[in-house]
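For reference, the structures are reproduced in the following blocks.
In what follows, chain A forms one complex with chain B and a second complex with chain C.
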Partner chain A sequence: MNKAAKEKTINLLFILPAVALFSIFSLYPIIRTVQLSFYKWDGIATTMQFVGLLQYKDIIFHNPAFWKSMANAAYVTTLALTFQNGLALLLALLVSREIRGENIYRTIFFLPPVLSGIVVGLIWKWIYDGNYGILNHFLTGVGLSHFTNFAWLAEIKTSLTAVAVVHMWKGFGYGFIILLAGLQTIPKELYEAAKVDGADSWQQFKHITVPSMIPVFTVVAILTILGSMQIFDLIYSMTQGGPAGHTHVPITRIYQFMGNGEFGYSTAMSVIFGCLLLAVSFIQIEVSRRMNK
Partner chain B sequence: MLRIVRLLIACALLVPFTSCSQNISRKADVVIWHWMTDRQAAFEKIAAQYEKETKVSVLFETYAPSEVYRDKVRAAATGKLLPEIFSTLGDKREVSSFINAGYIADLSADMQTGWKSHLFDKPLSQNTFPEGNEWKVKPGIYGVPIDVSAIMIYYNKDLFKQAGLDPKNPPQTWEAFLEAGRKLRAAGIQPFASGFSEGWLIGVFANSYAWNMLGEQGILDTIKGTIKYTDLRWLKVYQVFADMAKHDMFASGIATMVNKDAERTFATGKAAMALNGSWGVNVYFSMNPNLNYGVMMPPKMSLGEYPMRIFGGEGSSLNVNATSPNKDKAIAFLKWMTAKEQQIQLAQETKNIPSNQEAAGGLSDILKIFAQNIKNTFESLPVSESWQVNNVINTDMQAIIIGEKTIDQAAAEIQAEKMRQSGAK
Partner chain C sequence: MNDARLKNNLVNILTHVILIVIALSCVFPVFWMFSSSLKTQEEIFTKMNLLPEHWNWANYAIAWMKADFGKYFLNSLIYTFAGVFGVVFISSLAAYGFARLEMWGKNIFFYLLISTLLIPIPGVFVPLYLLLKKMGLLDTRTGLILCYISGGLAFGIFLLRSFFEDLPKEIEEAARIDGASKFGVYWRIALPLARPALATLVIFNCLSIWNEFLLALVILQDTAKMPIQRGLMVFQGTHITDYPLLMAGLTIATIPVLIVYLLMQKHIIKGIASGALKG
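Up next, the complex of A and B:
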């Protein structure tokens, strides 16, 4: 074996563990999921019935509950993209100004994302609770007596937004950290030069910060979309999809079908959902590429 | 030397893979998976006793909540890693999948040796697949009930008194029930709580009235499709929820309330009534030992032609892994566990109704009422409704509770789903 071939073999050996792990834990499950989606299978039986695209057809044309859950996830995502990321950007801008105790703020803002989703969900469920919740206790304490026993999670008008608020509270720390890192990579000389030219803070933000941050915004937006569309643990622990299905999202629907022995159908749902997420991510990347040009 | 070291490392790395599939069920002679973590101590005591008597080691492993347990059993079945004894925690359709796949042993022959005669008939019938069942399961008995349960309405005697109601005579009719709700609300007490976020519990309540309005044949005809979910009798069933909502009977947040929260609400006196199972006796005792309560049947509707029925029968039923080499040891343990002495011990320690009729004598007054009403539980049917239809029923009952849908809208949606599922079949 010559030297180049030997080097190539060694290089390949180095990436082999990563490739093996990726293949076993990511690639194989994806292939198997797609394969299963063409079968009717309850997860237990030793045989599966091939049904082709029948399950896809049913989901796309005859399952409005799945599309309603998609709309619910889109609502949470829209709120997260605007309010959650807006707050994250605002805090990142404040902290990037070399204020005192910068590291303390970073730690505090990054605490919610590292907490378990189920634990956060259960705590907030208690906060919102109509019988014991401290939110109602506070509101009635300040004179809003009609909030006594108001069930935030069981009312159609408030349930999904109440869950979205918790999702945003839990998630803004990720965006904050990424945006802060992005802000710190912008050369200070640009701001100094702009100041010399007479640019005010808003102009500096508009003409230096925003254009420099577009790749970072793209990453944060994609992560927010993927994270919000795939929300599960908070819904599961706070409402279980209720009241009357108003907080169901695609993952809770998929879980519901899987739990009821519809493995083939739920994997078909997963494939459709996965494709939609991929499409949204590609569109997002393409848009940001064009904006960067 | 380097080669030997490499070989040893490789062997060491392979050890976990070679041993895991063998050892998972070999932690003891008989491994049992159960989902009620509050019974762990009682189970361990029973297991230690059995080992002392027979030298057969038994290990109870409990996993909660029940959905997680159910997923674990499914995954273990697919991976051929089921323990000797487990439960599918599913309906007959799901159990039949396990049986047809060869995971659950037929216990009919063992039951004929006198074992069967000690057990309550109702829970046993729920573990029995009759001739000609829709799931094509070979007729037989496939599970052993280790306790029995029923779901009734608990009521707080002190709160009843506070609202001017007679705690000795809880409401017997639907009208009296609504009137009791009105009086409770007027006294500033939330009348009724239950875990209606959990579909099965709202379904249980709806089903009690379905039995009341349609009887067994009517329910069977609905499942077969000859009676529609838009039938007047079904509308009366949905009316139950509309009436209760109209009379402001539901506790705050009932549509997203899980049963654990509902139990806490009742145990702390935040609601005067609660639909819950007989296991609630133990739960309420742990939450509030001084709670002064009674139990009653869900009140019959005046137009109901058939007797009121309640959900119940089997409490926890266990299945034996047909593929386990220790299958016989597992069956022997279950026989021992359901014998009178062990059943008395378990019933006392877990405050539950035993599955062995001979052990039911020493129950508390409340549990006696539950035990007496086991005969009033739903009959085991040879067919079952699709889960999707049941899911729409449960969701639409929530929608009626929160005032989103009328009973006619709900009926139309349920029937539409029924048609969809019939077409899919």
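Up next, the complex of A and C:
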């Protein structure tokens, strides 16, 4: 071996620990997910039964509960994309007007995102509590007395929306920070020039802010979709999928099937779910690319 | 002119009213958690005062000792320290290699790493569970820590590599001429220069490991080894109506996060904003 080749080999020692750990605990599980999805396996038996695409077929055509969980996550995601990001944008626009106390608002709005999902879920479960929660106490106090013992998280009609509200409460600060940073990179000269040309605030927003922010909107949208579709901690701490499965989401279903020892089946669910997420991200990127042209 | 100023003032007031209402809604649940943690069981069920009648700090002693939150807290500290140390050391070493050294298969490894940052991969906890079981690492601290370290590597390497690449090469070359080894250059020159990026990495991993729940749920069964997020779920599963103690536990779980956040908020907010805009 010549000297340069020897160097190249010795240098590998720098990346070796990272490559080893990453291959074993990140890469291998990804490959294994795909592989296991073609097998029926309880995780204990010494032989795994190859079933090809049978589990995929079953999930796609005969597992309405899985699609219901997908629809639930999509519902949360839709609310987050509209209300949560709408609020985040409104607040970012307000704060970017060089107002007093910008830093304080920023610090406070980003507080919910740094808290753990479990902590947030359990606090809100307490706030929502039918009998002793402060929300019903407050609603009763302002005259809405039919909410006196209303169990928000246990009622089929309200449980998913109640969880979604908490999810949005926890998440809007994240979009806010990114949108604010994006707004602050738009050159001020653009606005000044527009003002000279007699453009009002709405026109400025439409012709300067929106076009310059499209790439940022895309990033926020993708992060929102990926984060909301994969919601887990809040569901687990607030409803565990109940009442009667009405707040189940894909990850809680995958976890549930794994818990029942259906390892192959749960990984097939993961693959389907992962492909859908990937597709949605690609569509988002493509749409924003077209809009940018 | 006066009209314009009046309108401007009104807009300003309205702006602050909206911002303050939202800000209060962010703070209130955290305040309510803390306030409830100091009440008695009886007060919780009979009254709705914002502040406790008596500040029962004893709730914290009970939560810490009898409800095992002390144990869970210490476990979380162990996982966070070990995880953060592992991520920072291993990813800085690799990032330096990727940025500065020639080696076989460099690009393949790098792009494989980075692709896992971009591609959503849900449900890997299933094969991870099986893998740890086979390795005899299921329900062990080592197993959980290894997963945390591995999970933080892609982001760490991505962040640090670009930082190392932007450093001027001259100092490192001079040190090499003076006879320092490659590892010596990394350890004594590149790493200290990378302190700002390392700080970002430490903070983000502290928060994400401290707050992590799903892997701890899948990997651990033994309550003696559980981190606090997992412990909170165990507690609320068995003492479903003991709200003051649960809220004390939640507060204990949140205090370290609040301290790190309030001390490091500039770093955190800048990191989030620039990370998302660059990506």
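Rule of thumb we're sticking to: the second predicted complex is superposed on the first by the 265 of 293 C-alpha atoms of A that agree within 3 Å, B and C clash if a C-alpha of one lies under 4 Å from a C-alpha of the other, contacts with A are read in each partner's own complex, and residues count from 1 in each chain.
Keep this in mind: a residue touches a chain if its C-beta (ideal position, glycine included) is under 8 Å from a C-beta of that chain, and two chains touch if they have at least 3 such contacts.
Given the structure is predicted, the values throughout are model-derived calculations rather than measurements.
Novice: Quick check on the superposition: with chain A as the shared anchor, is it clash or fit for chain B versus chain C?
Specialist: Superposition check on chain A flags a clash between chain B and chain C.
Novice: After superposing on the shared chain, does chain C or chain B touch more chain A residues?
Specialist: Answer, by number of touched residues of chain A: C.
Novice: By the touch definition at the top of the document, which applies to A:260: first (chain B), second (chain C), both, or neither?
Specialist: After superposition on chain A, A:260 lies in contact with chain B alone.
Novice: Once the structures are superposed on A, label A:279 by its partner contacts, choosing first (chain B), second (chain C), both or neither.
Specialist: neither
Novice: Contact-wise, after the overlay, does A:242 reach chain B, chain C, both or neither (first, second, both, neither)?
Specialist: The answer is first: A:242 touches chain B but not chain C.
Novice: Is A:43 in contact with chain B, with chain C, with both, or with neither (first, second, both, neither)?
Specialist: Both partners, chain B and chain C.
Novice: From the options 147-155, 165-173 or 219-227, pick the one stretch of chain C whose C-alpha atoms clash with chain B.
Specialist: The overlap with chain B comes from chain C residues 219-227.
Novice: Could you tell me which stretches of chain A are touched by chain B in one complex and by chain C in the other?
Specialist: 43, 132
Novice: For chain B, which residues count as touching chain A in their complex?
Specialist: It comes out as residues 67, 70-71, 74, 77-78, 90, 93-94, 97-98, 100-103, 190, 197-198, 251-258, 261, 265, 270, 387-388, 391, 395-396, 398-399, 401-402, 404-405, 420, 424.
Novice: Along chain A, where are the residues that touch chain B in the complex?
Specialist: Contacts found on chain A: 42-46, 58, 62, 129-132, 149-151, 153-156, 159, 238-240, 242-245, 256, 259-261.
Novice: Hey, which residues of chain C end up touching chain A in the complex?
Specialist: Per the stated touch rule, the residues are 12, 15-16, 18-19, 22-23, 25-27, 29-30, 32-33, 36, 44-45, 48, 90-91, 93-94, 96-98, 101-104, 106, 109, 112-113, 116, 119-131, 133, 146-147, 149-151, 153-154, 157, 182, 186, 207, 210-211, 213-214, 217-218, 229, 232-233, 236, 243, 246-247, 250, 253-254, 257, 261-262, 265, 268-269, 272-274, 276-277, 279.
Novice: Chain C touches which residues of chain A in the complex?
Specialist: 4, 7-9, 11-12, 14-15, 17-19, 21-22, 24-30, 32-33, 36, 43, 87, 90-91, 94-95, 97, 99, 101, 104-112, 114-120, 122-124, 126-127, 132, 134, 137, 169, 173-174, 177-178, 180-182, 185, 216, 219-220, 223, 226, 230, 232-233, 236-237, 250-251, 254-255, 258, 263, 266-267, 269-270, 273-274, 277-278, 281
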